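There are two complexes below, and they share chain A, which is joined by chain B in the first and by chain C in the second.
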Partner chain A sequence: MTVLLLILSIIPLIAGILIKVLYVPASEGIDISGAHIFFTIDLPLGGLPITESQVNSWLVILSLFFFCLFLTHGLKTKNMSRRQIIAEWIVNTVDNLVKTNMGEFFMGFGPFIAAMLGLSACSSLLTLIGLFPPTSDINVTGGWALLTFILITYYKCKAGPLIYIKSFGDPVPFLAPLNIISEVATPISMAFRHYGNVLSGSIISILIANLLTNVSKMIFGFLPGYLGGFPYLRVGLPAILSIYFDLFSGALQAFIFAMLTMLYVSGGFPEDEYFKRKRIKEAKKKQQVIENTNGGV
Partner chain B sequence: MNNLDVISLNIWQIIISLLNLVILFLLFRKFLFEPVKKVIAKRQEEVDSRYDSASKAEADAMELKSSWETRMKSAEDEAGAIIKEAVEKADRRNEIMLYESREKAESIIRKAKSEAERDKADAQEYIKKEIVDVSTALSEQVLGREINMDDHMNLIDDFIDNLEDQ
Partner chain C sequence: MLELAIGIILGGCALGAGCAMIAGIGPGIGEGNAVAAACEAIGRQPESRSAVTTTMLMGCAIAETTGLYALVIAILLIFVAPGRLVNILLESIG
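Entry: the complex of A and B
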């Protein structure tokens, strides 16, 4: 059962590689373009193209889902397995992160932040097995940033829409346009930061690979036949660079994205106002209950 | 024309990726966070109950210990009292016995003394009588005549008295 779940969590990645090999034509030379479009569903507003980024993010979600099941299957209170220790470590780490950055009120954000970290990091790390990273598609990071924006606005409105609208006139009313721009710029900057980092990483990887191919052709070109055409310098060196551009940058961008989400959401939440209103509401409710009971008697 | 441009916005794709994140959030909450938190809470509960029972057992043991200690102390006191009593009793008995034996010894000594004295007096009487008899016979033979028995008796008595006095 345990092994089966682990295999199930690896299968989506293998499926991704198969899909890429079967359906995506290999690119020649320097070819910087977006995701490959498998087919397009007719919808208003430009139709829905099902692309590599969509498919790959679904595969990542499936993989993560089965990995979760693998980790949490057969939890015990005694004689914990190594899987359970890992699962508890993940949960505790994310919860601590949320607690220190957002406070007790936002403890429900733990799974959300974990989902954001997992989806973003795993999407970026898909480059390690040669798949198209969904995070280098502006639509994917844009969707996440939009969700963050919705959350920010929701929590800003939590203490009443009036206070939210009033906050644009802060500190002086004529700065309202600037405030609105900065409000809208938040998700856009988040989306472009993540997307740009991952995309630039893959572009640099392509450029370096091409450079190394050409250089090795220049140096080893005198060798006869196929030996001369083999890109010797591409062995090893790009792997070292990909440690930075894929592993480090991918994980760091995921962390930054989650961090910014936490800070913006908890920072925009007018805590004092909210709890003041809550107290007033509760007091009113109590009074009403007392009045009702008095009236009933 | 099979690829997207590097920057191409599509509202449906944005919505799909938004929903992807929401779905993964729900999956994580249902299948990772909830079970793990449940297990952690359960373990905490078990540990708490274990601690409770342990502290309870400790309190019981302490109570038992203190009760045993008081009992031991009272037993010690009792033992001391018993020993003291026994010693006193023995002392008393000892004294009585000593006294009794001394009495007995004294009475024996007294008895022996009086017996000895009586024997002595008897012997004196007897000797005196013998002496009188012998002296009377002797003097009769020496004098050749009958002497007054009574006078003679007195004479010898005087003599013996003088002897005794000496």
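Entry: the complex of A and C
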């Protein structure tokens, strides 16, 4: 069972590589054309293209799903396995992160933040096995940012829509347009930050790989036949840069996206008003219960 | 004449991309200041190293945003805009 789940979590990645090899045409030289469109589904409101970024993000989701099952199946209270310790460490870390950044009220956000961290980091790290990273597509990060924006607005409306509308004229009412612009700019800046970082990393990787190919052709070009055309310098050297541009940058951006989600959601939540309202509601309820019992007697 | 028009479009796009990346100066200075302040803080209180490093990375990534906007515009100008503009030119000629 354990081995089966581990194999199931690796299969999506192998499937991704197979799909890439079989269906995506190889690009020659410097070619940044974005995600490859596999096919388009015709809908009444226009076509729905199924792109490489969608396929790859679903593969990442499947892979993470089976990996989580692998970590958490067969939990015990005694004689814990190594898997369980890793799973508990992940849950504890994310819970601590949420607690320190958002407070006790938002403890239910743990799974959401963990899912966002895992999906974002693994999507960016797909470049390590040569697949197209879904996060270098503006539509993917834009969708996540939209989700965050809905959450922010929902928690701002938690203490009543009137307080939400009032918060736009916060220092002085005539600054309301600026407040609306800054409200809309939040998801846009989040989406562009993540997308720009991952895309710039992959573009720099492509440029360096191209440069190394040309330099090695220049140096080793005198060798006969196939030996002369082989890009020797591309073996290993780009991996050093990949440590920063793919590993560090991808993990950092995932962390920052999750961190900003937490800060914006908890920052926009009107705590005092919400608890005041809650107290008034509870007091009213109590009074009603007392009146009802009195009326019954 | 058509070659000249296409040449002007390509040259304009390349120049625009170069000008857009002047915005890279701002984040560079800002991040340098942030890291300098973080180093000072760690020097004063070495035990707060991990908290300062996390906060500094957060701040650096947010300060980078303006640079990334410029980068996105430059990428659009280099890889997307020339094709679109040349298509518009050809359509207007007919």
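Quick note on the criterion: the second predicted complex is superposed on the first by the 294 of 297 C-alpha atoms of A that agree within 3 Å, B and C clash if a C-alpha of one lies under 4 Å from a C-alpha of the other, contacts with A are read in each partner's own complex, and residues count from 1 in each chain.
Just so we're on the same page, a contact is a pair of C-beta atoms (placed from the backbone, for glycine too) under 8 Å apart; a residue touches a chain by one contact, two chains touch by 3 or more.
This is a predicted model, so every value here is computed, not measured.
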Fit or clash between chain C and chain B when superposed on chain A: fit
Chain A residues touched by each partner, larger count belonging to chain B or chain C: B
Touched partner set for A:215, first chain B, second chain C, both or neither: neither
Angle at the Cα centre of chain A, taken between the Cα centres of chain B and chain C once the superposition is applied, in steps of 10 degrees: 130
Which superposed partner A:256 touches (first chain B, second chain C, both, neither): second
Which of chain B and chain C A:35 touches, first, second, both or neither: first
Chain B versus chain C as contact partner of A:163, first or second or both or neither: neither
Touching partner for A:197 - first (chain B), second (chain C), both, neither: second
Closest Cα approach, chain C to chain B, once both complexes are overlaid on chain A (Å): 7
Residues on chain A lying within both footprints (that of chain B and that of chain C): 32, 199
In the complex with chain A, residue positions of chain C that touch it: 57-58, 61-62, 64-65, 68-69, 71-72, 75, 79
In the complex, chain A residues that touch chain C: 32, 189, 192-193, 195-197, 199-200, 203, 252-253, 255-256, 259-260
Footprint of chain A on chain B - complex, ascending: 2-29, 31-33, 35-40, 42-43, 46
Of all residues in chain A, those that touch chain B in their complex: 25, 32-37, 43, 45-49, 51, 53-54, 57-58, 61, 64-65, 68-69, 71-72, 75-78, 84, 87-88, 90-91, 110-112, 114-116, 118-119, 134, 137-144, 146-147, 199
